[in-house]
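What follows is a pair of complexes built around chain A, which joins chain B in one and chain C in the other.
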Partner chain A sequence: MVTRDVVAVRPPGRRTVRVSATTTTRRRHTPVTWVRRGGLSALVFALPALFVFGWFSWLPIVKAVVMSVQKTNLIVTSWAGLSNFQHVLADPVLPIAIRNTLWFALLALVFGFPVPLVAAVLMNEVRRMKGLYSVLAYLPVVIPPVVAVLLWKFFYTPGPAGVFNKLLGYVHLGPVLWLQDRAIVMPALVLEATWAAAGGTVIIYLAALTSVPAELYDAAEVDGASVWGKIWHVTMPHLRGVLFVTFILQILATAQVFNEPYLFTGGGPNNATLTVLLLIYQYAFGTSLGGKYGEATALSVMLAVVLALLSVLYFRLTRRWSTS
Partner chain B sequence: MTSTPTTTRPAAPVARPARARRAADDTPTRSAISEIEWRRARVRRPWRVMHAVMLVVLVVASIGPLLLLLKFAVTPSQDILRTPLAVFPHGVKWSNVTEAWTRVHISRYFLNSLIAAAGCWVSQVLVATSAGYVLSVLRPRWGKVLNGAILATLFVPAVVLLVPLYLVVLHPPLIGHSMVNTFWGVWLPAGASAFNVVLMTRFFDNLPREVFEAARVDGAGPFRVFWSLVLPMSRPILGVVSVFAVIASWKDFLWPMLVLRDQNLQPLAVRLPALQASTDLGVLMAAMAIAALLPVVLFLLFQRMFLHGAGMGGAVKG
Partner chain C sequence: MRSSRTIALGMAGALAVGLLAACSATGGTTSPTTPAAGSGTPGAPGPVTITVAGTLPGASQDNVDQLNARVKEFEAKYPYITVKPEEYLWTATTFTAQLAGGTLPTVFEIPVTDGKTLIQNNQLADIDAQVKADMPYYNDFNPAIVGNAKGADGKFYAVPAKNFYANALHINRTLFTQAGLDPNKPPTTWDEVRQDAKIIHDKTGVWGYGQMANGATGGWQLAVDAASRGGSLETRNADGTYKANLTDPAVKASLEWLAGLAQDNSIDPDMSLDWAGANQAFAAGQFAMFTSGSDVYNAMVQTNGMTKDWGYGLTAVPTENGGGALGGGTLAAVKANATDAEKDAAVKWIDFWYLSKLRDQSQAAADAKVAVAAKQPVGTPVLPIFSKQLYQESLTWIQDYINVPLDNMKGYTDVMFSQPVVGEPSMATQPIYTLLSPVVQAVLTDKHANVDTLLGDANTQAQQAINQAATASPTPGA
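Right after this comes the complex of A and B.
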């Protein structure tokens, strides 16, 4: 009966009245009243999520922790204590993988962090065909990574006939051994990864920039700010919150990079692009190492813990600056 | 103020009503350069130059590789290898495409990609809409627990799940029938996207609850409200979730490679690297172009949904 009043009057604030009305009458619990009140249908609607998340998200998370202290060949499973962790930590390639992952993440920040920011700030001032700029920026993001990597792998062909070497040849440089030179292979991978991902970040920044209050610019103009002054003192500070988030998200994403090293080089040359995730993959599914599921999950759990600690630390440290 | 730009942009409003509408939406916000400053040549000219340079860079960087790919797809392998930048020195070789489609069985892998994408779409939309409906509209008392449990998965890096998830799919509890080499192994885990649930819940939160109450009073049950009111009202967000579900599935590589070991079931993205060694370069390029075609066409058709959704991604994560 209460609901009928709500419908008749339909003020926006009435919702709370109804909610409190139902909670006060929800005293007697019998299965019949539970079904009548929609308890059953709520459960039915929750089933797909419960099923899918339970089976493919919560169960694997628990399994990851359990498996990291087990030894298994999929038929016989035995308690392994911390030996998985010991094996992983004693593996001589682990320091290489960690160093490579850090190097990848650092390069990805150097290449990939300023480019979308500058692009978005400049694109925000575009007067004509702004949509075209966004479409062009985002286009590489929708290309399947496999196609992108294989294409770039061809661009990186060594020798003077490779596409990039040809371009360098026009300015009398190169030829460069893009994927064969240990010093150049990682920047080459990061260049492709940045090409593939930067557009998404540009769109995030542009979306954030639509909410800059016009008064701030007006006020800056009253104070006699130049265009660059307004960009520096109004536009950029407005992005600060988003920048803090994209920064850590990019680090989290690059720490889990797999496609580029796997498809470009398979970890080579001489482990120069072996990342932590590639090592996890090799433990579990690699042809020579393969089947070491305990070691693989132990390394996954360690990586996840490090990433979690890193993000907590990051948000602790930056809370003061990002909210102001 | 707003009438002056008509002199500088001649054809835009007539040719593209959608863009005109968007421009109208954007009027309350402004950017750093004011209209007055923009009319000053000293401000306008350098910015125009800067934007023109940027447009050229964007075109070269984002369309350039794709155009090269399209060109390679119909170029003889020898020409691709020797003169990758020359424009068809020895003619066009259309047979690359037909050969890829038929002899390399790209048609089958394309179909597999479609099947994988369609199933991922169904499972993501089903899970996201029903969960969003429970959390936002039905709001049972245990809703908070469910919400927390789903949100918590956002903070677990995907890397932790890889191996245990594979083992769950290999030997699933309860049913005892392996999902490896079945599409279920790709479809069902795709549904477990907390990000989608958050998007849906937030959108449903903004729908007018009075309408649902009215329908309930008129005798509509929860299923009727869901099907006839909530779903039609949430078309915009459904579009966003749908395009991202399809594209994500099309782009996915590692997971389908692990689950679909049988060649005949593998989607294009998984199959391409394997074909690399044994296939003629021109034919491989044609296959890659075919693989890139659908996402590019989808993006160009639904660009507003994509860009809107991509912008929202930042808002949700932030």
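Right after this comes the complex of A and C.
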């Protein structure tokens, strides 16, 4: 019994489908052949992972979608149709939360996205003690987020005695109300968030930079390229694929920012740092009497749909420039 | 090769089955605290284990020892009951999460204002039979508080416990002295509070005043301020419905007073202070005055390292225009899914831990003795859970053990029974408190904040919250 594989090649942009056919006799797909060919083994090996993934990832998603059309205090439940969505969309605080989230995302993009890139490129150029710099860059990621925020909260203490205000005092500036001034509080949160998260992205960029062939730099040098020229014409093109991914990951992460506003300000002052995720939390747990779980899940579903659409749109728009 | 593959397959299968079993156990209804059927002697209660709200998070070892000593005494009295204390601090957000996740202890504490709604939502156990069996004094509770512990059917679903208090003004006597003020003559009007706050800040560099503004606590303390000026956040209509009243002149006056402190630069600009945060900040000397329940000295000793010699002082909240001190209190309740045996043990524990010391001389002395040995505060002034007469009598039982600086609390104790106590809003209390916190924050951080606009918007939202609360209980069916 001889078999051969036939590869059907579709036009560009369509999937390549591999089909199996027989030249002499057609193989019959029975349960026995499925077991003999390792189907059962594969299934049993996959079962724990499938179970864990299904139970802990997909079941909560399904439950959340169901809860978004229910009115419930988790003891007594009734169907609510789309009223939860209507309540959320009519909430005067929702536009504030969306605006704040977009503001955080923009600030994080403007300041947070280039910082790890620049740090990684510079660190890649360093010839000595590269490991030390990597450790220093990654150290903030190792610190638990709550501890990091408490530490920075201490730095941001209002009044002349605060750490940052003390430093500003040496140059006759401040004191600044870092977390109390509506104009300053969001950049203050982004500063801490960038410090806390940049290390992880730096490591990704450094890993990607190791794949750049050294010969290209040598060739560029022979051609008389400056340091900037080497970065622009050699390094950046090789980082393009990684940059596309980290860019959308950053947008997804900042759209779901919670730790910083929750721990630093609780959404204040006067909702200046209330984000969409914090609003979801407030719906569910903001008051002590059962919470608006329906509204919380409705807003979660809406956020998930928006982010999913954004991701699809992003990958469609950038497909042409992507290396993968 | 084949055998190793079989072993690997078997292990993978066993892992899958194990995970399934683990998750089933988590989601199951079997409770390790359920008494074993048939155990013990015939007719005697079977062993039962309950978890109970214990010390505050971060409590000192002395405080933990005090509770453990009382647990031992309780277990000696009821050998079939095992009590496991858990750290517990009621906050709106953590309580809701614990309620939703089913992780509350068997016996937990709730604010009196939440009692009615939690009962209406079937979220508390019916403990009427146990209360009437184990608390022969169940008719003696202070009527101002016990109504919140009963359902519409007149049954007990909770019990007044732990405390019943009025809000008061807490002062740092050391800072008063450093600023040249006499701590024995604390401020008695809001204008004096503002003046003293400014003097303290100008002379010492420490904030003169602190205000909770995080979560629901901002609205709670604004309610304190408004009540002291004769106002209220909501009014009851003749037909029993409620109307949001945030545009009350007393509420506006309270916000303008806070804005004045911000203008003076004498109020702590930290907007993240909640109940525990304010206690911690005050105990750390971050500001000199703040309002909170009259009994928070206990918490500051238990969790913030405050001592009798710290310089703590307590005085009454200033009142004007017929206002009073906003009251509050705590109910002890039992998990809705508790078994009868657990409910019985839980009510016995509530009686022993919270109430017996208020009614029984020997229990009062025993409790105070253990507390003093563990360097815990005894004698902090609170309002009576039962009658004023019984409260004053109970103080004589523990006279020898009182170790709180009562001389520094005269500003409060001199008027605590003559100052009117105002009840908290009845409908949608926590949602209204929560939506008022941003208003407080706006006034304290934005000198151009328009108080009328802020209160007008908040009033609209408060009325919506009241309307929602009135029809809150979802109907069964899904």
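The working rule: the second predicted complex is superposed on the first by the 271 of 324 C-alpha atoms of A that agree within 3 Å, B and C clash if a C-alpha of one lies under 4 Å from a C-alpha of the other, contacts with A are read in each partner's own complex, and residues count from 1 in each chain.
Criterion: a residue touches a chain if its C-beta (ideal position, glycine included) is under 8 Å from a C-beta of that chain, and two chains touch if they have at least 3 such contacts.
This one's a predicted model, so the numbers in the text were calculated from it and none came from an experiment.
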{"item": "More chain A residues in contact - chain B or chain C", "value": "B"}
{"item": "First, second, both or neither for A:52, with chain B first and chain C second", "value": "both"}
{"item": "Which superposed partner A:250 touches (first chain B, second chain C, both, neither)", "value": "neither"}
{"item": "Which superposed partner A:41 touches (first chain B, second chain C, both, neither)", "value": "both"}
{"item": "Which superposed partner A:194 touches (first chain B, second chain C, both, neither)", "value": "neither"}
{"item": "Touching partner for A:273 - first (chain B), second (chain C), both, neither", "value": "neither"}
{"item": "Contacts of A:84 with chain B and chain C, given as first, second, both or neither", "value": "neither"}
{"item": "Which superposed partner A:70 touches (first chain B, second chain C, both, neither)", "value": "second"}
{"item": "First, second, both or neither for A:291, with chain B first and chain C second", "value": "second"}
{"item": "Common interface positions of chain A, toward chain B and toward chain C", "value": "41, 45, 47-48, 52, 55, 74, 281, 284-285, 293"}
{"item": "Residue numbers on chain C that touch chain A, as the complex places them", "value": "5, 8-9, 12-13, 15-16, 19-20, 23, 90, 92-97, 99-100, 110-111, 114, 117-118, 121-123, 207, 213-216, 268-272, 336, 430-431, 434, 437-439, 441-442, 444-446, 449, 457, 461, 469, 472-478"}
{"item": "Residues on chain B engaged by chain A in the complex (per definition of touch)", "value": "5, 8-9, 12, 19, 22, 26, 28-34, 37-38, 43, 47, 50-51, 54-55, 58-59, 61-63, 65-66, 68-69, 72, 80-85, 123, 126-127, 130-131, 133-134, 138, 140, 143, 146, 149-150, 153, 155-173, 188-189, 191-192, 194, 197, 209-210, 213-214, 216-217, 221-223, 226, 247, 250-251, 253-254, 258, 268-270, 272-273, 276, 281, 284-285, 288, 291-292, 295-296, 298-300, 303, 306-307, 310-315, 317-318"}
{"item": "Interfacial residue positions of chain A with respect to chain B in the complex", "value": "3-4, 6-7, 10, 12, 14-15, 18, 38-39, 41-43, 45-50, 52-53, 55-61, 63-64, 67, 74, 119, 122-129, 131-148, 150-152, 154-155, 161-163, 166-167, 195, 199-200, 203-212, 214, 217, 221, 227, 230-231, 234-235, 241-242, 245-246, 249, 252, 255-256, 258-259, 262-263, 277, 280-281, 284-285, 293, 296-297, 300-301, 303-304, 307-308, 311"}
{"item": "Touch list for chain A against partner chain C, complex", "value": "41, 44-45, 47-48, 51-52, 55, 70-79, 92, 153, 158-159, 177, 179-182, 264-271, 281-282, 284-291, 293"}
